[in-house]
Structure formats: C-alpha cells, structure tokens
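Each in structure tokens, the structures are laid out below.
Here come two complexes built around chain A, the first alongside chain B, the second alongside chain C.
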Partner chain A sequence: MKSMISKLKSHGWGYLFLLPALLIMVLFNFYPIIWSFIVSFNKTKAIEIKQAGLFDIPGKFVALDNYMQVLKNDLFIKSIGNTAYFAIIFIPLTLILSLLLAVYINKKFRGVNFFRTVLFIPYIISVISSSLIFLALFNSESGFINAVLKQFNIDGPNWLSNEWLAMPVIAIMSIWRRVGYFMLMYLAGLQNIPTSLYEVAEIDGATPFQRFRYIVVPLLSNITIVIFVLLLRDVLTVFQEVYVMTGGGPGNSTVTVPFLIYNEAFNYLRYGTAAAMSYILFMITVVVVIFQNKFTKKKHSTR
Partner chain B sequence: MKKIVSILLVCMLALTAFAGCTSEEPEKVKETTEEKATNTDKGEEKAEQEAKEPTEIRFQIVWDVNSGRGQNIQTVVDTFNESQNDVTVSLITGTSDDKQLITSLLSDDVPEVIQMGVKNTKTIGAEGLLKELNDFEDTYKDIFYPELIEFFKYDGALYGAPWIGHTIELVYNEDLLKEAGLERAPETWDEVMEYSQIIEEKTDATGLGIAGMQHNDAIWMSTPIIMSYGGKFIDVVDGKEVMAINTPEGIKGLEMYQAFASMYPGAAEKNGGNVMEDFRNQKIAMEFQGPWGVTDIWKNGNPFVVGATLMPAGPAGRFVDGGPYALSIPATLEGEKYDAALTFMNYLQDTTAQEMIMNGEYDENTDAYYPYRVPMRKDMANSKYFQENPQFLVYVKGLEFVIDSFPTPGFNQVANEVITVELNKLASGATTPEEAAKVIEEKGNEILRAFYGD
Partner chain C sequence: MGQSKSRGKTITNYVLMAVILLIFTIPLYWLVIGSVKTNMEFNQVPPTFWPKQFELGNYLTAWKQLDFKTAFINSSIVTVVCTVLNIITGVLAGYVLSKKNVFGGKLILGMIIATLIVPPAVLLLPLYFIITKMGMYDSLIALVLPFAANAYTIYFMKQYIDDIPNELFEAASIDGIGEVGMMMKIVFPLITPALATVGLINFVGNWNSFTMPLVLLRSDEKFTLPLKQALLANATDVNEWPLILAATVLSIIPVLIVFIGSQKMFVKGIMEGAVKG
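Entry: the complex of A and B
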C-alpha cells in the first residue's frame, strides 16, 4: 500500500495525464461490453433502451433464453460454417501470398519501390470501394473476369450467384486488400535475417527452395504468428464485404456471424439475441486463441 | 435646474395632447369604453402574434433534398411555409434504411416529421419509437383507401399517416406486343403465360421478366401471383402469426412463379434493377414496376411505346403490391412542436400538396419533369395532372387491390432468411414448389416462434 502511495506521489502527473484516455476507454469500450453482456440475458425493446438511464438495465430478464434461441438457430450454425469456409480460403492464401511477394520484392531490381507501392495500395482503399470494384469485376455478364474467360472459349459462371463460388470471391477480395500490408510485415522480417545465413547455406549447396524452407520460414515464424492472429481477427469480423457484395446470399451461403449479428440487431431489432450471438462469437474466439497459443507454444518448445 | 426640467415635462405633455387631438380619426374619437377595450385586446393579440416566432420543425424525407425528388418536395414545403406564419418547416435529407432511422429516433435530436416506408413504420412503431395516431384513423379512412391505413398499423395501433407512394402494376412494351400480334395488354396470369410464349416465338425478346435473386424484390414480385391463386405466405391464427404457404393454393402460386422464372433467362440472378434494365433494353416485353417504370422509358428517349395496366388477376382475384410512404412523428414529441407537426402533415395530405407531387422530379439530362410516386388520396382522378396524363391513373386505381408484401415485423426475418432463399431455388429450378412450400412453412414457423418468444 505504501509503495502504491509513493508511486502515485512520484508519478502523480503521469497518471493524471492518463486519466482522460482511461475514462474514454471505460466509457466507450468497457461500459458497452458490460452493458451488452447484461442485455444478452434480457428481452429488450428499442424504446426501453432510449428511456433507460446510464446505469439502468433495459428490458425483461429472460435468463439463458436468448442463448438457447441462438444455439437452436440453424442459420447461426450455418453462419459459423460459412465463416470457417471463408477462413480456410482466406488465412492460408493470405499468409502464403504475403510471404512469397515479400521474398520477391526483397530482391533488388528496377522498379521494386513501384511494386511495393502498387501492392500496398489496396490496403488503403475502403472496403466498400473494394467490394464495388470486385462486384464489377465478377459480374457474370459485363465483368472483366468472364470477359477474359471468354477469350479462352470458357463461359464464366455467375460468381456471386453461386452458392459455392460467392464466398471464395469475397475471400479473394479480402486477400487482395490485405496482402500488401502483410507483405510489408514479412519484408521487415526478411530484412532482419543476416545475409551470412544465406551465404553459408549456398556454400553448403542448398537450393533456393531449401534456403526458403530452412531459413526464411523458421526465422519468420514469429511474424507469421502475429499475422495469423490479425487474420483471425479479420475472419471473425468479416461484415462489410458480405453486406455490399452478396447481402448474405445466395441461399444464405455468405452469411457470416457478424453479418447475422448485424441483421439480428438492426433489421429485426432483437437486441438480446444479437448480444447473445456476440458473446457466443466471443467464446468461440477465446477457444480458437487458446488452441492457437497452445499450438504455438508447443511448436516453440519442440524447436 | 428643477425649473427647466419641469418646463420641459409640461411642454412634452402639451405636445402629446396636441398630437393626440390632431392625428385621431373622427370614428376613433367616438369609441365607447367597451370598443376601446376590445380594440386594445385585438391589438395586443396582433402584437403578440407578430412577436411570436413561428414554430420550427424539420421534415425528413427518404431522398436527398438536392435530388430531383427532394427538389419536388421542397416546392411543396415552400408553398406551405408561404401559406402561413405559425409553422416553418425545413426539409432535411434522410434515409429509408431502418437501421439509420432507429439510431436517429434513439437520439435526442430527432426530426419532427419523418417519411417512412411500410416496413419501417410497423417495425419501428412496434418498438414504441413512434407516436400513435389512432385518433386520426377515421379521418384518414375518409380520404384514403381503408386497406392503406392497415399498412401502417401494428397490433391495433396506427403509427403513420398515409402520404404518397406507389403500386406495382404490369408495365409493357406496346411495340413488342404489337410485333407479336397482340393488340391489348394481358389481364390474367394465364394470358401472361400465353403472351410470353407468343412473344418468345415471334420476337427476339422474352415475355415477363421476374426477379429470382435472394433479395426483397423476389418477395414483392411473387406475392401478388401467389395470392391471386389463393395462397399466402403468412396468416394469423388465434392471434399468432403462422406460415400459410403450404396449401394447394400456395403451391399453385409457387408453381406459377417458377413457370414465369423459367421463361426468363437468368431469372435466379436478377433483381428488380436488372429486370428494369432488361425491359429498357427490350430483352423482355413485360415487367412489374411502379410509376418509375414508365418514366424510366421516357427518360431514356422513348425507345418504344410503354404502357401500364393493372396487375393481372388469378382465380382468387387481383392483388397489387403497394409501397406507400407514411408520415410519422417520434414518440417523444410533445407540445407546440407536436401541434406543428400535425398541421404540416394535414397540409401534405391535402389535395393541392398531393397533386404537386405529380409534377415530378427534374431530370437535367432531358430537361423535363418525371413523376416518381403517386398521391395516396382516392379522390385524385379528377385533378389536373391525371386529366392530362391518364396513364398514371392505373397506379392510383391499384390502391383498390393493394396488399402489403411485408405484413408484420416477424415476417421480415422469415422473408430474408427463408422465403427469398427458396424463391431463388425455385427460379433456378433447384427445388420444387412442394418442397419450397414445406421448407418455408417449417423454417418460417421456427423463426416466428423465436421472434415473438413463443
């Protein structure tokens, strides 16, 4: 206690400066988290939210009813499957492409900076704009992709109207947007690998693939873990792309969990079940992160 | 000094007395005490009125105020503002997006009068965010078709005052019909089917374009067909909403929808906008559209003669999808502002304001005005615009058969998550009407039970 008081005395001004940021955090982060957790056990009408004071709990307590409803909802289960389908395409491809592009632009050649810039640009384009670009590209009648396929006498499919193809198109767009950013992260890692390692490997007769496999991949594993976590976050929050490109269709094949939460809260005004869905998603995220941490630790300890 | 002040005061009094004697009119001199008192009251009242600022309210529309539609509505608002001194209305850009409307209504700074679509009015009203207008229901029934009032009611409470809107009718390409040797527009679904086959045989176009994409358009395009065969998606039994499509009539309706979709290439991937585009490009000869379906052809240089006729009838009668807009007041509005909102709403429902809507939106590309919605009053047929442009009367006539394709808040989720999916499958031929009806019934009922917490 004494040490705490002495710390406060010696760093008092510092804590004072932190206070506004802390208050904003509490108000806009922690308070809504706790509030929505409480709402997940209630049946709440919009007017009850409007009339509730800052510390009031709106609606009627229904215990675990909202959670039970969500778990019985076929579309919620389907949306988890859709999200997993998206993740299976999105995460490995983004990781592989980012790494390969980083290795490629790590070399010195004319116009390398131009390539780096071009590859990074999609990351700064808004999701809505990117989605609209891809909608035009993959349009079955007037799209560029089908026009190219036509040159090879192939009748392109209706990409976004096909239950199995719509999600991959969304994933391709998401990869295109992010690959430049993660490529730069890998590039930073690559530039930290001592060139002597490559030279020694070359003297030992290692092929370029072997140098990539035994030097680059292991030494970038920490960055890979960070990127994996960031990609996982993107998977669990994929919403705007779906909203703009497919609206969840066709046949609910692109309904993701965040999209469903959005619909539940803002289209059907069922705040309780929407909050329950959010917390189930949160629990799934926690489980995935625990597994990923265990896997990573195991991998590191066996090295 | 005192003397000087006294002299000045006496002089001022004398001047005032002279002024009073000389400037007064003879009648005023003869005023009785009573008259004097009355005149004083009137004067005070007038002065009070002059001193009182008009009540300022905002009118939020679903379109951009700078758009052609916004500008058309602005003229109506301007006329209102010029007609009286008690209320001043400013027009503001809004949205038809229910998410944004709810957010706006949950805030403390909310517009006093809000234009709302059918779905929003019921859904948001049911949440308690809109003022109940039950006291005006009888008045509205005198002016508007009673069916129309039902659009804005939920659980016995009225949440919106009818204003303008549309009905969806059969819009057709007269030239293509003539090319196929067809002299008049089809009047029944059987005729539509027959016409479609003839058009396909005799022209480069196909018959009826219909949306099959997983989208709202598929619902409003299919519901009038299904209902005209005696089917319906939803019903109320013992006060509870239940799915009602899995009947022989409902299945027949789904069959007809599938039959029309199968005759329109790529129907499963088309939404209302795509259908409209195909109609404009003469790929199809018939479509379901509101008044904008006609003006879209006018705007694009009249590539062919366009006609509009009532939605075809089936064995169970004629059913027309309607999209009226309501005027709603936030639940929290009270006092002067509430009165002002009512005054303005009454004005918007008046024949003059209703007819002004028909002047339409300005299109700078063609330097002309085009109607985009029609008035909802049932007594507009004799107004000047309709006398000069009778082709639009069909959209008002359609109000007699109007149905609400999204009848309850619970139905919205069923429509989004189940019906549109099954219609999409029907359009692509991936399912049968029997199977679709069964799935819609089972999954729909599950959703309804969960939605209402039964």
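Entry: the complex of A and C
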C-alpha cells in the first residue's frame, strides 16, 4: 500500500514532466488529424468554418461524397502522377548518390572534412532560397546551364516552361539540397562496418565491386530504410518549390498533391475536398510504409 | 612501384573531389555573382560567367525592400523561442518515457511516433482552423506554440536518455536528489551533444519555415524572412533578378553563420543519429 502511494507520487512527477509536450501534441497534432478526418466526410462552407467554435466540427455530413469528387477530379489524378514522376527521379538518385559519396569519403585523406562541410551547406539553405537559385540557374536565357550548353553549340531547352522538364529541375534541386545530409547518414553506417569483414573478403579474392555489392549494400540496408522513409516524407511535402518556381505550371505539370491541397483549401475554400485529398495522401503514405516494412522484414528473415 | 600507384590514387582522389565540389557549388556561385551584376548585365544573352561591373547597390535595395531588420527580428524570435521550448518539452517528455514506468507511457510514445508519418499537408487546414479559433491568427505566437513540441525531438531525446545507466538515477535518489535535480544534474549535462544536434536541426527548420507562416500570417510587419523573400520575388519585375538574388544571399547569411560555427556538432549528431536510428 505504502509502495503504491510512493509509486503514484513519483509517477505524478512523470505526468507533470510529460504534460507540456503532451498538451501540445494533443492540441496541435492529434486533434488536427481527427478534425481533418471528420471534415473529409463533411460538406463545409467558408462561413461555417468562420462561425464554428474550437471544438466544433463545421459542415454537414455527406459520407463519401468528397472522396468520390476527389477521385473523379482529373487534376487530382494528374497531381498524383506528377508526384510519382518526381519520386521516380528523386528517390533513387538521392539514395545512389549519397551512398556513392559516402563510400568515396570513407577514406582518410586530407580535405575530407572540408568536402563534407561544403556538401552539407545546401541542406541548411531554405527551400525558398534554393528555389530562387535554381530559377536563376535554369533560366532559358540568363541561366548558367544553358550558357554552358551554348559553349558546346547546344541550344538549351526552356526548362521550366517545358511540361516534361519542369519537374526534373525541381527534383534536381531537391537532390542537391539533401545529398550531403544522407551522405553523412551513410557514412556513419559505413564506419560501423568492421574492417575485418573487408579483410576476409579481400583474402577470398573479392573485387572492390563485389565487396560493395555483398558487404556494403546489405549491411547498410537498415539505414537505407530510414533514409527511404525520410525521402518519402520529402516527396509528400513538395509544396514550396512549386509555389515559388512554377506555380504548378506549365500546363499543371508540376501540380503536386500538397500544392493542390493548399489551393483547394486556401484559394477555392473547398475544405471538405481538401481534407479528403489530404487523407488520400495519408493513406498512400501508410500503404507505402507498410509495404516497405513487409518487404524489408522478409528480406531479413531469409538471410 | 607501390608508392607511385598510391600517389596516382591520391591524385585521382583529389581530382574527383575537385570535380564534385565544383558541381555542387555551381548554384551558389551563380547566386553570388548574379547578386552583384547590374540588371542590364544579368539579362544579357549569353550571360557572363564573371561580372564586368560589381553592383553592390543591389544589397542596399534588397535590405530595404525585404525590410530586413523587422523580418530578421521576427524570424529570430520565432526560431529561438521555438527551438528552446522544443528542447525543454522534448527532454522532459523523453526522460519520463525513457526512465519512468508511467501508466500508458508505451501507448503515448507509440502515438507520438505515429505522427511522424502524417503528411504535413494533413495538418495545414486544421492548424489554420485551430489557430484562428484560439485568436492567435496573424501573431508570432501562432508560429511558436503549435511547434513547441514535436515527435522527432521527443523520440530523439528518449533514445539518448535510454543510454544513461539507471544506476546513476538510483544513486542520486539515495542521495535524496529530487526529480528536478535529476534533470539538472544528470540528464541535461549528459545529453549535451544531443541537445546541440536537436537544437541545430530545429533551428534550421524553424528559420527556413515557410508554409505555416504563409498560412498563419497576414500583416507585413509580422512576416518572417522566407515569407518576405518569396513576396519580394513575386512582386519583382523579371528584369530585376539581381535584387532577388541579393535578398536570397541576405536570407542565407544568418543560418550559414550559425552552421559554420557549429558544423562539427552538427555532423557528429547526424552521424550518431543515423547509427541509433
């Protein structure tokens, strides 16, 4: 009995310490997630949002109506395609480049620290700034890229006004910003691989490529999973770069799902469909994460 | 023979390094030289790779048009307050979730971690709604309070505190040190590297934050730097790109200074985080 009281006493401290974080998480994370979920089944007018109280759910229940509308919306389907197009360029290239760079600087030579510092700098530059930089870089007339192409007598394309090229430019910028960060994560993994493994492989006559393929890649698979999930998160947040660089154009070719959700909610004030879109995005994320977990678990158990 | 081979290897290493560095720094180079060109030179075809004339006046104009001082102060307030609150709430919660066997602790931790896979777009509309209803729309508090605790920080802190041996707390408890004392005398001193990393990551994230300020602010005098920068870029004539680039350099400099001053801790933290994760 006495011990229970003392336990409660010490736990009281625990709850008190937990309280600030928990209050904020509940009010600004858990509650919004639920609110959004309910609103995604409601038809909600701007005026109803204005008049509702903090814990009211505005609008009228319309079941799956919003979802039906969203799934019939061509622009929404297109935005999923655009986002996938971005992901197909962005994810594999970032993974491969950061791994290769990590392998490259996992050697001791002078200048390595300088090298990784410089490669890390793009990561601290805001998306707004890097978007503006890349607009200047890929400008069809005054841009660096086309100026260099001109030196080789190539007429560079009009990058950001081309339906197929605008998204890759955004992807290249995103890769540039993140490679330094993920390179460091991979480097940490590499430095944790015991050198004896390499020595044994060398005695067995493994070529550098074989060592890479059969030691480095499998032993880094855990970090690859973490990076993959982080990259996926990045894919599902592409908003600012579109807002600044293309405004969704040309011909809606860079309208991503988050950009569309923003427009739907804050320009067209269609809250119900905006919420439905965000939940479809959420479901896609969950499916990918589950699929990814299953896939990696299987791989582990067969080894 | 062997020596010349290794020397050849070193040379290849350095050549490769130079090439990679060159490719990576081209955007930054183009930013800086673009920011000191005259409007006329910037728009000339083909462009020049080195400015014929340095127009530093762009920086003066950018400073004025960004309303740099106000925007800088707003950004600093939001960033510093948010980062400090985040660390405090994160350490307190991380400590409890790691060392205290509180009822429901596992569930709470699980729910907190689960929020990490929620796409930020899901939160955009409800946060706008909640902030408006709480009467905080168009205030700097709106940019601080919702972000004063986050799942990543809490989880990171918990992981770090897991590594502190329980014996330390037991010994302290025998010496009659209370919970607050444990935080001040054991937890905080032992997790300083984690504090630095999380602090820096939060700092950079908050400093560069754009979407929430865009949604939650309305009046000019409350705008943060990225918001000002985007608005300036929107409002500026295409012929005045050097001005936009100068504004961009100005916005990057503060966070660059913080980064250069602390990059060792930064690098160490990310690498440790990678292995732990």
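Going forward, the second predicted complex is superposed on the first by the 293 of 303 C-alpha atoms of A that agree within 3 Å, B and C clash if a C-alpha of one lies under 4 Å from a C-alpha of the other, contacts with A are read in each partner's own complex, and residues count from 1 in each chain.
Keep this in mind: a residue touches a chain if its C-beta (ideal position, glycine included) is under 8 Å from a C-beta of that chain, and two chains touch if they have at least 3 such contacts.
Keep in mind that what you see is a predicted model, and the values were worked out from it rather than measured.
By the touch criterion defined above, A:266 lies against chain B and chain C together after alignment on the C-alpha atoms of chain A.
When the shared chain is aligned, chain B and chain C each come close enough to touch A:49.
Shared-chain residue A:200: touches no atom of chain B or chain C.
Shared-chain residue A:64: touches no atom of chain B or chain C. Once the two structures are superposed, chain B and chain C can be ranked by residues of chain A touched, with C on top.
When the shared chain is aligned, chain B comes close enough to touch A:248, but chain C does not.
Of the two partner chains, neither chain B nor chain C is touched by A:283.
Of the two partner chains, chain C is the only one that A:144 touches; chain B does not reach it. Comparing which residues of chain A touch chain B with which touch chain C, the overlap comprises 49, 266. By the touch criterion given at the top, residues 43, 45-50, 62, 65, 69, 72-75, 140, 158, 161, 247-252, 263, 266-270, 273 of chain A touch chain B in their complex.
Residues of chain A touching chain C in their complex: 10-11, 13-15, 17-18, 20-22, 24-25, 27-33, 35-36, 39, 49, 52-54, 101, 104, 107, 109, 111, 115-130, 132-134, 136-137, 141-144, 147, 150, 176, 181, 184-189, 191-192, 223, 226, 229, 233, 236-237, 239-240, 243-244, 257-258, 261-262, 265-266, 271, 274-275, 277-279, 281-282, 285-286, 289.
Residues of chain B touching chain A in their complex: 98-99, 102, 105-106, 123-124, 127-129, 213-215, 266, 268-269, 331-332, 409, 412-413, 416-417, 420-421, 424-425, 443, 446, 450-451, 453.
Listed in rising order, the residues of chain C touching chain A in the complex are 10, 13-14, 16-17, 20-21, 24-28, 30-31, 34, 42-47, 49, 88-90, 92-93, 95-97, 100-103, 105, 108, 111-112, 115-130, 133-134, 145-149, 151, 154, 179, 204, 207-208, 210-211, 214-215, 226, 229-230, 233, 241, 244-245, 248, 251-252, 255-256, 259, 263, 266-267, 270-275, 277.
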